[in-house]
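In what follows, subunit A forms one complex with subunit B and a second complex with subunit C.
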Partner chain A sequence: MREGKARYLFLMPSVCWILVFTIFPLVYAARLSFFSFQLGRGMSFIGGWNYVDVFNYSRFWNSIITTFFIAAVSVSVETGLGLLLALHFGREMPGNKIFRSLLSMPLFATPVAVGFLGLTIFYERYGPANLFMSLFGLQVPWLSNTFWAKMSVIILDTWIWTPFCFLVFLAGVHSIPEEMYEVAYLDTQSRLKIFRFITLPLLSPLIGIIVILRLIEALKIFGLPYSLTTGGPGTATEVYPILVYRMALKHFDFGYASALGFVFLAIVMTIVITFFKRLRRIYE
Partner chain B sequence: MTSTRQQTMIGVLVFSFIVGVISAPSVAREFTPAEKELIVKSGVTPEREAYLKTKPYKGITLTITVNRAGKEGATSGPLYMFGELWGEQTGGKVEVIEIPFSEHFQKVWIDLFTNTGKYDCFLAGADWLGDLVANDYVVPIEDYMKDPLFPQWDPATIPPSLKQVWTWEGKWYITPNDCDGMVLYYRKDILQDPKYQKKFWDKYGYELPVPPATWEELRDIAELFNGWDWNEDGSVDYGITMHLKVGGLGVYHFEAMSVPYVISSANPDMWWFDPKTMKPLVNSPGHVEALKMLIELSKQGPEAAISWRLDEAWDCFLRGDAIFCFTWGDLGSLAQDELKSKVKGKLGCAPLPGTLRSYDPRSGEWVEFTKPNIVGNVTSIGCWSAPVSRLSKHPEATYDFLAFMATREANLWNALYGWTGNDIGRTFTFIKPYGSTDVSEYTKRGWNAEDAKEYSGAYYKNFYNLLQGPPLRIPGSVSYNSTLDLYVSQAVVGEVSPKEALDKVYDEWERITKKLGRAKQIELYKASLK
Partner chain C sequence: MRRLTFLQQIKWYVITSLIMVIFCFPIYWASVNSVKPPLEIFAGSWFPFLQFKPTIHNWMVELGTEEVRKALFNSTLISTVSTIIVLSIGSLAAYGLFRFKFVGVKRQDIVVWFLSLRVMPPVVFIVPFFIMMKTFGLLDTPCALILINVTFTLPFAVIILWETFREIPVAVVEAAYIDGASEWQIFHKIAVPLSSSAMIAVGIICLAFVWNEFLFALTLTYKEAIVMPVLIGGTEHTRGIEFWFVATRTLLAMTVPIVIALSVQRYLVRGLTLGAVKG
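== the complex of A and B ==
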């Protein structure tokens, strides 16, 4: 009995932590989403009108499309690049450790700082990116064109996050028993076939995990586009978190911002649950 | 290939220069002994002289918020210098709290709303006042202004256009500091060159007007000079440079341009809203015309300007690569710094161009003019000047410091140095015959005499124009303006047509008004126009 009580006592800090920092803000935000609440300007209950308003708002749809476009492209590129790099640097070769360390460095950069760095790199008149392009007679409107602004965000996001995919894949590549490759080499000399029938199937659970982890993170992208383009030009890079930020901290419309937050939570949860169900079905 | 290599080399050098300038250690700024003496004696009454001997604010520390720019940066830099000087006189201390521009209003608002009272005063944009007064967050300063114990500054030195943004229903709330309005800067040397004047005549069939009196004339000139090397420095030059990045204050280009398309003698005040209904006028035919013109102008400059902030746009003009730039007073004084500017002595300044027709929302018809309809411009976002917080524990000391910075000599010093970010607007900052100052006040601070006369004349005409676009300064102004910013940018990049963009702004402004309460907004909007 005493042991039982002590168990609850040890659990208390974690329970308190979750109640204060997770459950309370969640419940409070859920409550707010049913109110018209403008900071400093009163609060009134309006039922589900904030939610109705979300779906009638053109910027909601624009930001959903923008967010998913950026997330889909960057996660695909990062996963692909990370896998290629892991396959390449997974082999024994001189200077491997140095390359691996160098490759993983961008992961430690703050997205906001990378965004500001991007401002100088993609500076259209004299920035290094266009200086390089000018060698081929090209000038790219990196930040002033709606398409290229999205691409700039994707390039920088890829630069930050590819090392994460690379490191996870590298661990995966090293965990594949060498004997399997030795046996495979008896059947074929084709590296492509070995990759297709040995490496890829064995890495596929990892690919699933990386894609889902990166997707969740990529859908929350904020600091990078905010510091690089402030969501512009126009609304070309106004990703969902920027929209929520603007509603809450520019317009002080916390009720509506909360509703926006919960709608997005529902969308992301649906994607994640569907993905995990599919993943489970594959492995069962 | 050689030219590509040359361009690459120039690019590398310019880029290295920019990085070098950014990373170079800053030079501490300080008053000269003569400046110090003039400033501390300015606005001092015999009563104050005696008062100062008691070191009345000993042990008191004031807090003032400002847009983050550093100890030597625009707007924030002078606060450190004046704070120290004021401290020497009064025994008090000033703590400057720098907040990024994009978060400044939010931080102050949360401090006031939550009754925290961390800040005694805030160097506020003119568009904040409606929110602050409506919620009783700031104190009126008229009693302080009459008190001879405080530094004396003369309200009569302030043009009516600027007085309107620092008062609410005629009552003073803000002590003057910065005076913001946009004027047109142009390359006088190039536009007066007979070779280019002939070229203009040949293409457009009328004489090159210097300065342009209408936006159409400005567009023609900008078009002629865009995309070729007219300054013969080996690189492509432009007609106009603007700052059009979302959040980069590009919306104030539109704001300044749209005034003469809507405001005229037939309609002196209905610009953004109908004061009776609070229905937005932002998608009126006048506003749509103005946005079309802004889009046309954006094509007469570097494409990159769509992603430029203020400093990048100014830099293009200062390097001598653009004919026009219409912006705030900082550019005129920055042009005098030969380390950064190639246009010193070549500067032309004029009030912003006008229009030959203006849309009257009252009658719903266009009004035609034989002479250009030129309207003054006081920018709602700027005029960075401070009210005293209702929550301040030391309102007298706070007002004392703000009034110290508003005295004649302090304000003149502030206005004539480009780096301070504080611009001219009071009578003693204008050169005779417009104001009371001699051109030597400018030249001794490094100005070119001709540039100074052009600059001072343009600002006098701008601020003393009887027709002004009444700045938006009601609760929610920050929201209204940021929404407008977003859709103006959408139209400029061609995502939507000007009409579609402004229709979207209309819808969003309606949402904001509904949320803030239409009846209350009508009452406050009417008050803001007084």
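== the complex of A and C ==
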């Protein structure tokens, strides 16, 4: 491979672009987080007080718990469902291709739009969710109860993201050589055993990747709860991004919002760096 | 896997249809509501033609609205322009990564640095971006959203294209090199044409990412440059829950990305796992 200047030229535009639009804003926000800066009131240096305020703010703790609760539940449900679906559709059956395509439809469904649509699905008096529940004589307060509001968010999130887990697992299922199964069938007839000792171990690296990638995305959740519940009832579904957004663009408390942002960045980065070695190995 | 018996096959199709019904329901529900006359909404009717006469009235009203057309136009403009920029500078960077050894910096370090941008919670950026765009007078312009969206889709494009370039046989590239082709010629005469289908897929996925982006669009636009997601996020509380209105709007916003998901099956897995799973 040749040395020279050309190699930098190819990377230059992207590197410069990203430097300008991420490093500069990050440094600016980091500085801002040590100031009291509200739009129209000027700026004054207040040291670490924003951070002290963050940890003393009950809504901060509430949204941390909400965000991680929603992320943990939806990621595990999606991973599980994705795996089951992949096992189901992993068989060669006529019509399979169409089903797979249909299943990948929600992948890019605009989350805000899904939340908005969810309003009509979980509508408490005439919505289809409750019409279905009434078959069992139940009426669920989907959007007005603090617990069920979280569930509604999780259900819709599952609808959007299960296809992702499904497609990744399906790729994994297809990559398992047929001979493995043939040999295994000589030993046992139990499908559970075959799953436990062949399929699952061979898919386990995928589980790691899916959980990391899904967790990262799940912690960014914003549009879906924003349009479904606007963080309500009360602050029951006020996930972290909604909290920061409100601080920044409803209260125009820029210094404090920056501090909130950085605390979250620290939390997310800690989680990611724990997986970092694994993530890095993939790209060698 | 073992062949299924006839009974098992029937079981398979029954389970499949159940899954399909549940999965397709939200989209079916939206489509049905969008062609219902408002009076039918609460009547519990589920099937057009059988239970009620479908109407395109809701669609005409919606598409005739000035702000909807503006949002559709902005969404299209912003996602197309961002995608073009991402593909052009992203493929250059991917080629740079693919072709060269760097002194001092390891290749994976650059890749991980690009990746870290997709990992960072975007909320950290809303305050600085808001102030930045305000300072430059770009608030509420498509330009602001293009700049931001390119930033956050670029890492994705670079990583996937880099992975694709790596699949080009070394011999091809070496042969061109020995024949005296410059790096630029190898890039645009060999690397890009050989990975054109991946380029198209990456472009299409980027288009969907940008189309769906909501946080920054909500932060940086309020009137002139609003996009479809912002239109939806903002109007809900002024109009209340009118089912037919919700349905047409969500479908307008979701059709483009859903069609996209259906059209790029082949690269979806690789794209969405950021190249970690080959698919």
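One rule holds in what follows: the second predicted complex is superposed on the first by the 271 of 284 C-alpha atoms of A that agree within 3 Å, B and C clash if a C-alpha of one lies under 4 Å from a C-alpha of the other, contacts with A are read in each partner's own complex, and residues count from 1 in each chain.
Please note the rule applied: contacts are C-beta pairs under 8 Å (C-beta built on N, C-alpha and C of every residue); 3 or more make two chains touch, one makes a residue touch a chain.
Note that this is a predicted model, so its numbers are computed, not measured.
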item: Which superposed partner A:P141 touches (first subunit B, second subunit C, both, neither); value: first
item: First (subunit B), second (subunit C), both or neither touched by A:T235; value: first
item: Contacts of A:L249 with subunit B and subunit C, given as first, second, both or neither; value: both
item: Subunit B versus subunit C as contact partner of A:R41, first or second or both or neither; value: first
item: Most subunit A residues touched (candidates subunit B, subunit C); value: C
item: Partner chain(s) touched by A:T120 [first = subunit B, second = subunit C, both, neither]; value: both
item: Which of subunit B and subunit C A:P128 touches, first, second, both or neither; value: both
item: Touching partner for A:P177 - first (subunit B), second (subunit C), both, neither; value: neither
item: Residues of subunit A that lie at the interface with subunit B and also at the interface with subunit C; value: 120, 123, 126, 128, 131, 230, 249
item: Footprint of subunit C on subunit A - complex, ascending; value: 1-3, 6-11, 13-15, 17-18, 21-22, 24-26, 28-29, 32, 85, 88-91, 93, 99-114, 116-121, 123, 126, 128, 131, 159, 164, 167-168, 170-172, 178, 181, 185, 206, 209-210, 213, 216, 219-220, 222-223, 226-227, 230, 240-241, 244-245, 248-249, 254, 257-258, 260-262, 264-265, 268-269, 272, 279-280, 282-284
item: Subunit A-facing residues of subunit C, complex; value: 1-2, 4, 9, 12-13, 15-16, 19-20, 23-27, 29-30, 33, 41-42, 44, 89-90, 92-93, 95-97, 99-103, 108, 110-112, 114-132, 147-148, 150-151, 154-155, 158-159, 177, 183-184, 187, 208, 211-212, 214-215, 218-219, 228-229, 232-233, 236-237, 241, 243, 246-247, 249-250, 253-254, 257-258, 260-262, 265, 268-269, 272-279
item: Interface residues, subunit A side, partner subunit B - complex; value: 36, 38-41, 58, 120, 123-128, 130-131, 134-135, 137, 141-146, 149, 229-236, 238, 246, 249-253
item: Touching residues on subunit B, where the partner in the complex is subunit A; value: 4, 7-8, 10-12, 14-15, 18-19, 103, 106, 109-110, 112-113, 135, 244-248, 302-307, 475-476, 478-479, 482, 486-487, 489-493, 495-496, 504, 512, 515-517
